[in-house]
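In order of appearance the chains are A, B, C and D, and numbering begins at 1 in each one.
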Amino acid sequence: MSLARSELQLHRDPTRRMVGFLIGAMVYLAALAVTGGLMVGTTINRWSDDLRGNLTVQLPGVTAAGAAEATGRIDTVVSTLLETQGVAGARALPRRELLSLLERWLGRGNIPDDLPIPALIDVTLEPGVRIDLDDLQRRLAREVPGARISDNGIVLDRLVRLAHSVQAAALAIVLLVGLAAVAIITFVTRAGLAMHHETIELLHLIGARNNYIARQFVRHVVGVALVGGILGLLAAAGTILGLARVAADIDVFRWPTISLADPQLVALLTLPLVAAVIAMVTARLTVAGALRRLP
Amino acid sequence: MSLARSELQLHRDPTRRMVGFLIGAMVYLAALAVTGGLMVGTTINRWSDDLRGNLTVQLPGVTAAGAAEATGRIDTVVSTLLETQGVAGARALPRRELLSLLERWLGRGNIPDDLPIPALIDVTLEPGVRIDLDDLQRRLAREVPGARISDNGIVLDRLVRLAHSVQAAALAIVLLVGLAAVAIITFVTRAGLAMHHETIELLHLIGARNNYIARQFVRHVVGVALVGGILGLLAAAGTILGLARVAADIDVFRWPTISLADPQLVALLTLPLVAAVIAMVTARLTVAGALRRLP
Amino acid sequence: MRFCATRGAPEFVLVVRFEHVGLRYENGPNVLDDVSFTLEPGSFHFLTGPSGAGKTSLLKLMYLAQRPTKGRIVMFDRDVTAAKRRDLPGLRRRIGVVFQDFRLLNHLTALENVALPLRIAGAKRRQIEAHVSELLAWVGLSGQLEAKPPTLSDGEKQRVAIARAVIGRPRLLLADEPTGNIDLDQGLRVLRLFEELNKIGTTVVIATHDRSLVSTIRLPELRLAEGRLTVHQPARAQPTEGSTRAVPSRGGL
Amino acid sequence: MRFCATRGAPEFVLVVRFEHVGLRYENGPNVLDDVSFTLEPGSFHFLTGPSGAGKTSLLKLMYLAQRPTKGRIVMFDRDVTAAKRRDLPGLRRRIGVVFQDFRLLNHLTALENVALPLRIAGAKRRQIEAHVSELLAWVGLSGQLEAKPPTLSDGEKQRVAIARAVIGRPRLLLADEPTGNIDLDQGLRVLRLFEELNKIGTTVVIATHDRSLVSTIRLPELRLAEGRLTVHQPARAQPTEGSTRAVPSRGGL
């Protein structure tokens, strides 16, 4: 002979497992979408970072014999570049490096010593700085006739556009999953309340205050949402780590290695809390609405 | 004064919108996952197709002057290649093409006529055939001294592994969404039936046959699932077309252009039907279970 | 209200026969101990007993909502304790029940609620409507054909429940406290409806503790007490029109 | 059953006062037309009228489940037609209601159902249990403290509903057909419970069409017919112990 904790006995509710499951599923999907979005965004940012703020300055080709003589010209160009505002660094690609690049096309050992190979100078720009390329070109050509700037602008532009598209898509997916979560929690909570309508009405009629009634529902829904959300997050973490292991094997695309210490991923840990808050607000509003319709 | 169509009046059910929405959401997610999986799979297959069954044969470089003389040697190699079992085609890369490739590295106009440029022959293999490269190499070198085969094996291997991983991930996601859909429909149907328990019991007591009762639920759930599923599919189609438009702008990665006539995408059209079948089976089993518990 | 169709020879010899029936709900005490009785076609009985005696439980056994823990029950000449599940709906359709708690479907109108047994039996929609609204008018609800149960008073709900029980002209009518929520005038009117049905061959059992009802209309009485059932014949003939062809039942025990 | 605590001066002069109250449900006819009456502390009335007369509707107005379409209602000296929503729970806790359809919570035991009003008022768990089980024993349900309503007979449910209505020692007790499902013996026992409460100052209104109840216990009668209410005094003093201090109410009209 004993009295139950709560007269609504919501923990014996048939909708309980459903609410938990759905919230878990939504947290899972949201976590995957966020991670996916972050990953793709980071990857593309890296790709474009590699290019952004990169110029190549090209000097007329010299044969192996004239290489020593060319070094002076290269140094002139490099120092001019380094004096230019916005240039972070300038490095001449060693002839060996160029030769190995050429070998890809010409075949190993096929490059005659008398092939005039242009000197390439890799220029790094300070982030966010836009340089007047025309002016630079003119100045360089004055110092070393034949020096030309080749810009990676087009490729860069494409990548930046892609990065934005992908990030927009990721954001859209996260929003979508979030909306779905809100909708589902609302529906499920409403259905739950519809089931308990008679109980709510009776409690109301025998003098229970709105708060007394709402509190029980809110406590229940929040508990279920937290548990479901945490389970969903754990499942998502499992999936992400699994994918990360696979991705680590494949460096073709330079996927970033995923680290769970990443601050943006740490933000994912709040997802169950977000779900719980959504659940709480929904439940409170729904109960309040149901009670307002009572006399 | 008129009699309603169905005594259960399920179409006025509060769970109706929830069932429709959830099924729509699941179909939406499943459609996106399937499409995404197909797209990534197709893309990687194309990439690897470009490489799979591709060999490059390289002949010693010749200068512009010696080009005419080299043509004979190239023809010899090509005909030898075409006689080899498993070779589908062989094409000498025109000197102009090679030059334009080189210009990327050497700078436009920097290539002297006397630069000995190797001749490259692009060999396509019949799909699925593995050729004894060592033997081929020996035979070619006999015909034209200095001819060498360069294999893309390593890159190919990587891409095939990546393709498999991505396809496995896509499959896992589709399965997951499918399972979630089944679980959700089951839960929602059960909750709906719990709400209607008294109606079912009364109909049973006044002599309705199980079929009569189950039919109404099944008809209702299937209708809702179909409508929800179709709406979900339409939403998914909208999303996919939107993404396709964005992707079409970006050919950096050679995403395949998505055509909704693709047979695999046409298969997506069956998703609402699949959802309806899942709903039907779930509803029928649940009602049968509920009725079995009655006297 | 007249039930026009009368049949010739009855389709069965016995409507209900209980043989040493016992019933207990899981881990409760015996509600029915050893109950035996027989109801013949066209008989009319009261079922009385104090609250909790098992009147509703006994009716449940008769409308096949409950299986006995022991003993044998024969309904319409068939042993229902051994019957297959798929044969039960056919038997149930011959039985009309006025549930103590009404069991109306809240989302349907009064008209639709009463029409249910006809719909289940597959009757035509046209026929149903005329028939149902005539009956509802007879129980005084002609103004509330389209009202849903939540907007009806309890007496009105009870009358809808009664109409639903009799609409299909059942062979056996089981009414559980059918006048508990209506006043004596309407109660007598309802009893007259039951008598009309009884006249065309329906066997009627009315569970009640309304002693004023039992004493006004003298009918044989099945009395339940402490899990046992005894049959009591009324002291003298019925004081009403004499139309209730109550056949004395050969009660068990 | 004794309600030990008695209070000194009553906290209010009037328990209920209706002034020209009218009620109609949306697009229906007027259920109540122009009803005026006053219930003083410690009075005891029957509320009678044919089925559908509006008895339950009148009680609903009194337990604040319905607002009148016109007129003014004063409860415990407060005009409830003008009261703020957040003041209503306090008023409702002074009122005990036996609903015609019981309204027990199916997932709670009899004990927990009866304990509800005490829980809502914030009573200690220990106190609740002893008190509740004593009351349940008094209505004859000591063996079913842990039973859930679906496993109770209708008479048993009604007694649980009665226990829940009186457990909080309300100032106003409204009982809608409280003896409809129990036999006369138990009905009189329940009435004695109400009389005990009435003795310590509770105002009691019992809606019923059970004429035998009304004629056994002579109490002033609020009679509802065609939307109007008239007050009838009993022909002579109460034949029961004479303990029901029924104060003649100054009825309206």
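Heads up, the rule we're going with is that contacts are C-beta pairs under 8 Å (C-beta built on N, C-alpha and C of every residue); 3 or more make two chains touch, one makes a residue touch a chain.
Just so you know, these numbers come straight off a predicted model, no measurement behind them.
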Connectivity without subunit A (remaining chains kept where they are): one piece
Chain separated most widely from subunit B, comparing mean CA positions: D
Centre distance in Å when subunit A and subunit C are each reduced to the mean of their C-alpha atoms: 71
Gap in Å, rounded to a whole number, between the CA centres of subunit D and subunit A: 65
Where subunit C and subunit D are represented by their mean Cα positions, the distance between them in whole Å: 32
Of all residues in subunit D, the ones touching two or more other chains: none
Per-residue multi-chain contacts in subunit B, two or more chains: none
Touch-based graph of the chains, sorted into line, ring, star, complete or other: ring
Those chain pairs that satisfy the touch definition: A-B, A-D, B-C, C-D
Of subunit B, residues touching subunit C in the complex: 1-4, 7, 9, 12, 198-199, 202-203, 205-209, 212, 295
In the complex, subunit C residues that touch subunit B: 63-67, 86, 89-93, 95, 97, 103, 105, 107-109, 111-112, 115-117, 119-121, 125, 128-129, 133, 145-146, 164
Residues of subunit A defined as touching subunit B within the complex: 14-15, 17-18, 21-22, 25, 29, 58, 60-61, 98, 101-102, 105-107, 110, 112, 115-118, 148, 150, 158-159, 161-162, 165, 169, 180, 183-184, 187-188, 190-191, 194-195, 243, 246, 249-250, 252
Subunit D to subunit C touching residues, read off their complex: 25, 28, 50-52, 54-56, 100-101, 151, 153-156, 159, 177, 180-186, 209, 211-212
